[in-house]
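Both of the next two complexes hold subunit A, though its partner changes from subunit B to subunit C.
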Partner chain A sequence: MQLSFRGTQRLYRFLTAAVLVFAGIFALFPLVWTGLTSLKQNTDVITAEMQYLPHNPTLENYFELWSRKSFVTLFGNSVVITFMTVSLCLLVGTLAAYAFSRYRFTGRNAALVGFLLIRMFPMVLMLIPLFIIMRNLQLLNTRVGLALAYTTFLLPIATWMLKGFFDAIPPDLEDAARIDGATRAGAIVRVVLPLAAPGVAATAVLTAIAAWNEFLFALMFTTNEASQTWPVGLHLLVGEEFNLPWGLLSAGGMISIAPIIVFFVLAQKSLVRGLMQGAVKG
Partner chain B sequence: MSKLTRRDFLKGSAAATAALAGNALPGAARLLAQDNPTVDYWHGFIAEFVHAGFEVVLEQFHQANPDITINPLTVPNSEFMTKFTTSVVGNAAPDTTMAAPTRIPDMVAIGGLQDISGRVSEAGLMDAIPAAHWDGATIDGAIYGVPSFMFVDWMYYRADWFEEAGLDPPTTWEAFTEAAIAMTDAENGRYGFGMRGGNGGQGFVTKVIEAFGSPIIDDMGQPAMDFDKAVAGLRWYTDLHTVHGAVPPSVANDSFRQLMEAFQTGQTAMLWHHTGSLAEMRTVLGEEGTFSTALRPQGPERQIASATPSYNGISMPGDGEADASWEWIKYWSEVDTQVNFLELTGYFPSSALVAEDERVQGNPLYAAALATVNEVGPPTRFPGSPGWERNVVLPNFQRVLLGEITPEDAVEIMMEGLEEAVSG
Partner chain C sequence: MTATSVEERRSGLALLRSYWPAWLDVFGWVGRISETRYWAWLMLLPGFLLISVVIFYPVISGVWLSLHEYNLLRPARGQPFVGLQQFIDLLEDERFWLSLRNTAYFGVFNVLNPFTLGLVIALALKRAVRGAGLVRTLILMPWFMPSVVAGHMWALLLDSRLGVINDILVKLGLLESYWPWFARTETAMPAILLVGLWRGFPFFALLLLAGLQSISQEMYEAAAVDGANALSRFRHITIPLLLPVIVVAITLRTIAVVNSPDLMIILTGGGPGLATHVLSFYAFQTAYAAFDFGYAAALSVVMLGILIFFTLIYLRVAGVNRD
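So, the complex of A and B:
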């Protein structure tokens, strides 16, 4: 039987929807399951028969996690370090990206490629040199030290992203502002940055996600529990083999994605606009 | 509109950076010079109940040595060597550290552990701890670690099911097969044996092969597998699944957690592990009645078991902290410390003197470990063995379980892989 044009269109739409629904379920199911597990009591987690829904939903795991003495420290350290990393990347990245976008100077292309080169090496290769530098500067076990370490590998990405957004803004707009009496810095702050705000937001979100989830440097550059971050704390909660606290772990997992989701929701509009802008005009 | 000059902009940036740094620096944790020594200690006590046991040891040590402060740091096992190596190269290694026997050669090679032979001998520890337990920390005659506790292989079994069936826990490989078959009721989702066919299962395969009389390497560190004996061992082991159906069908994917939870939820009757999981078993299944412990079965030539010590060593103590560091690691070898830690965690003592302690003698759960600990040594290790076991032994064992190849094929591949691994 041959389908009409409309019938074919409907079939395509149906198949597209089916694939999207399947992909959606596939992507969301682990998250939903983690959320449900975080609401279960331990006796409901390990059972001979699989139980998807909690019999007696409880927030006990969240309260227990909160009551642990290290929780506030770990979470607080992560928030402060993420904030500092994003601030540093945006501050330095904006200036660097603007310079790469607007000025033509000797070594410009080499410097841009050099930025990317840093990202081409596995992070583990940077550990020992960074560790020695930090020890000499007495930055081990400090939030500033970790923020600087994160900035070493996030700044290149931030700079490249921001450069794409700046390239998309016509220089004529700045020229007009300067004719009206603005300085170069004034034109950046009052004209370029507002226009590039979606791109800056997108860069901030991606930098924040990377800094929030970073584990290796946070483990290597800290030697006491007071200076560790949330991903390290969560990893230690996971343990090795014995007696895994599934409910507690699930609650920890849900908590660790919460700030990113909140940040993403707040910046969603700018983020999508920024990503599309960069993709089309970069 | 007020003008924003370059000077203003730079001033603002500098102020913001200074504020940022100023805000963060109070969070810095630095050790201040103290009159009393502070000893850093890196360890891997992550699981909640083990960490709780460690806290008790810390508290007891502090009571006994009030002038020494221990500064502990939990380091995940998987990242330990990366962190330790970085710290040693950066000249910022801890004063003391826990050390697994498989890592000690590398830790010594990078200058991360001190020779403590003199201190060990002076303290008379060689008499308290059996000679075999020092092997894992001895290199070219020098001792680099004090055994703190042991992981002793044993078997868990469902005591209530065995009693119901009128069976005793098996002591030989033949009896083990019979018990596994007798306990299996596949229709009701019950199997005789929880076999580790997933990650980690490789260690069981090599122990079975050795128990059937085939060494892995000889005294010179050269490949020494006996084809016929190795095939016999592997065949017996895999037949439990492929012929007798006495293990869960998911065996090729079953690792530690799957096996523990299958045993705890009544899906398997016997499980091989070591003393380290005792506390979890007690927590989930209760102290007595439901489960018990027994010796791993005897193969044709030896028991299918090993006893692996964990060590504490002195790494890079600061000025005036070497003696305090030694006090700390020596404390772990004392009978009271070890028995207390055993009671809290199930981690078995390394000291031979605990055999006379009432708390150990009087608990039937410990009998299997006591009977095993002095009979068997550490698992076979040679340079390249972790890679050979993980990349050659495990996948080919799994292929036999899945019916893709025969035990003969698997052993042939294992022997070829062993030659390559040893030749490096």
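So, the complex of A and C:
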């Protein structure tokens, strides 16, 4: 049977809506469930009859987490390490990305491809030599050590993303500033960076999220609670207790994704643009 | 005098600068250097130094290490050179072969499943119905979750006693009683693949959507005038034009998936038995728990070989794309 044109259109519209609704539910259901669990008392998590909505919603999981001594340390470590990683990637990445974007030099393409190829190196392969290097330099169990380790995989991505944003700014604007007497460095600071600000912000957000989330390096390069990061602390919380403290774990999960959601909402537009750009070109 | 310098004179920075000795005038120095032909190289220098120290040196010394025996728990033995001995050991290591097979299984499905779902969603998102923008943003959340939190979420959802998915399936009559998904050999890998699908599909949806949006609408209109139906438009326009993006996305994801033992560390510890024992997990475990750095390096070098193969495909296609 042949569907009429309008029938086909309606069918498509229905299918589109169905797919989008499914996608939204699939993506968000685990988050919502974790949020609900974080508001339940432990006795309401372990019940014979499943409680979908918390009967006695409470914030006690959050308070208990906060009162644990290790929590503040772990959270603080993560914040400091994330901040250091972002600063390092943005500073070094901006310089390199500008050079890649504006200059044509021998080996430019090879270097650009090289930056991309770095993604392919197994993290485990770098893990071992990095561990040895850090042990020799006394960088194990330090925040600087972890920030440097995160730079391994984040600097190339940050550079590529920034280069994309710089490419989009017409060189004429810089030239105009330089005719007015600004040096090249002055033109970068006064013209290029302000224009590329949304892109730089998006790159910062992406780098921050990746550093905040990192797990493997943090697990390998830290051995004591004083230097561990938040994801490692959450992971080890599971190892310690036989009956899993689900309420506590869920509260921990919610706390660790709160900054991500905030950043994400703030930089959403240029973040998506930057990701798409890097994806199609890269 | 130019407009910039008038503006500068007013700013506090300029006032401060006027009291500095000339040789301390960093801004001036940088400005002058930036006019020379060394500037491009100077800008690249920090990046290259950093990458050499944190990437190239570790990778090279990792390959070097794979030719040496090096066990942190046996410091007395030192680091004797053993040539390819550890690679020969690999060939006889049953656990290695099993991990290789699991890696292939995990790699293929943990890429194809999210790709398929991502493509369907990208096609739906492209139709730009009301609310599509919101959905596009919301579905990115799983991609940006910490793997530890994502792991815990799914461990709770699929828990053998408290899992809400078990509860729903039982209530729907699809399951007789709660099932310990991660604890059974036959469902551990599929359960991990479900988590992988959840974490992976936003990446594909976003990339493929970008690819779809770069296809000119006129192509479709011309084809529609020629009487091509939706299916043949999809086959003859969408797929061929999207192919470079598809290959790039699949390659990047394959590299990421093969590289990352996170889900196994968090959810199953490679078990039950060796059901989810993949290469990346084996290498990590050999280094982290057994401290056998030499053997772990040999395992990683094998992974590097596999990944180089994928990268070559990637470069070929990305190169073709550029022409």
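Some notes on this structure:
Definition applied: the second predicted complex is superposed on the first by the 251 of 282 C-alpha atoms of A that agree within 3 Å, B and C clash if a C-alpha of one lies under 4 Å from a C-alpha of the other, contacts with A are read in each partner's own complex, and residues count from 1 in each chain.
As a convention for this text, a residue touches a chain if its C-beta (ideal position, glycine included) is under 8 Å from a C-beta of that chain, and two chains touch if they have at least 3 such contacts.
No experiment lies behind these values; they were computed from the predicted model shown.
Superposition model on subunit A: subunit B and subunit C are shown in a clashing arrangement.
The partner of subunit A that touches more of its residues, comparing subunit B with subunit C, is C. By the document's definition of touching, of the two partners only subunit C reaches A:I257; subunit B does not.
Judged by the touch definition given at the top, the superposed model places A:A182 against both subunit B and subunit C. By the touch criterion defined above, A:L219 reaches both subunit B and subunit C.
In the superposition on chain A, A:L249 makes contact with subunit C only, while subunit B stays out of contact range. With both structures placed on the common chain, the touch criterion links A:A147 to subunit B but leaves subunit C unconnected. By the touch criterion stated above, A:L125 is placed in contact with subunit C alone, subunit B being left untouched.
In the superposition on chain A, contact is made by A:H235 with both subunit B and subunit C.
When the two structures are aligned on the shared chain, A:T34 is found in touch with subunit C, with no touch to subunit B.
By the touch criterion stated above, A:T207 is placed in contact with neither subunit B nor subunit C. The clashing stretch of subunit B relative to subunit C, chosen from 21-29, 39-47, 57-65 or 75-83, is 75-83 in the chain A superposition. In the three-chain superposition model, subunit A touches both subunit B and subunit C at residues 46, 88, 91, 124, 127-128, 131-132, 181-186, 190, 216, 219-220, 235, 238.
For subunit A in complex with subunit C, the residues that touch the partner chain are 8, 12-13, 15-17, 19-20, 23-24, 26-28, 30-31, 33-34, 37, 45-46, 50, 52, 88, 91-93, 95-96, 98-100, 102-103, 105, 111, 113, 115, 117-133, 148-149, 151-152, 155-156, 159, 177, 180-186, 188, 190, 209, 212-213, 215-216, 219-220, 231-232, 234-235, 238, 246, 249-250, 252-253, 256-257, 260-261, 264, 268, 272, 275-277, 279-280, 282.
Only residues 46-48, 77, 80, 84, 87-88, 91, 124, 127-128, 131-132, 135, 138, 140-144, 147, 181-186, 189-190, 216, 219-220, 223-227, 235-236, 238-245 of subunit A touch subunit B when the two sit together in their complex. Residues of subunit B touching subunit A in their complex: 1, 3-6, 8-9, 13, 16-17, 20-21, 23-25, 27-30, 40, 44, 46-50, 71, 73-77, 79, 82-83, 85-87, 89-92, 94, 189, 256-257, 261, 264-267, 276-277, 279-280, 283-284. Across the complex, subunit A is touched by residues 2-5, 27, 30-35, 39-41, 43-44, 46-48, 50-51, 54-55, 57-59, 61-63, 65, 117, 120-121, 123-125, 127, 129, 131-132, 135-142, 144-150, 152-154, 156-157, 161-162, 164, 167, 198, 201-202, 205-207, 209-211, 214, 230, 245, 248-249, 252, 255-256, 258-262, 265-266, 280, 283-284, 287-288, 293, 296-297, 299-301, 303-304, 307-308, 310-311, 315, 318 of subunit C.
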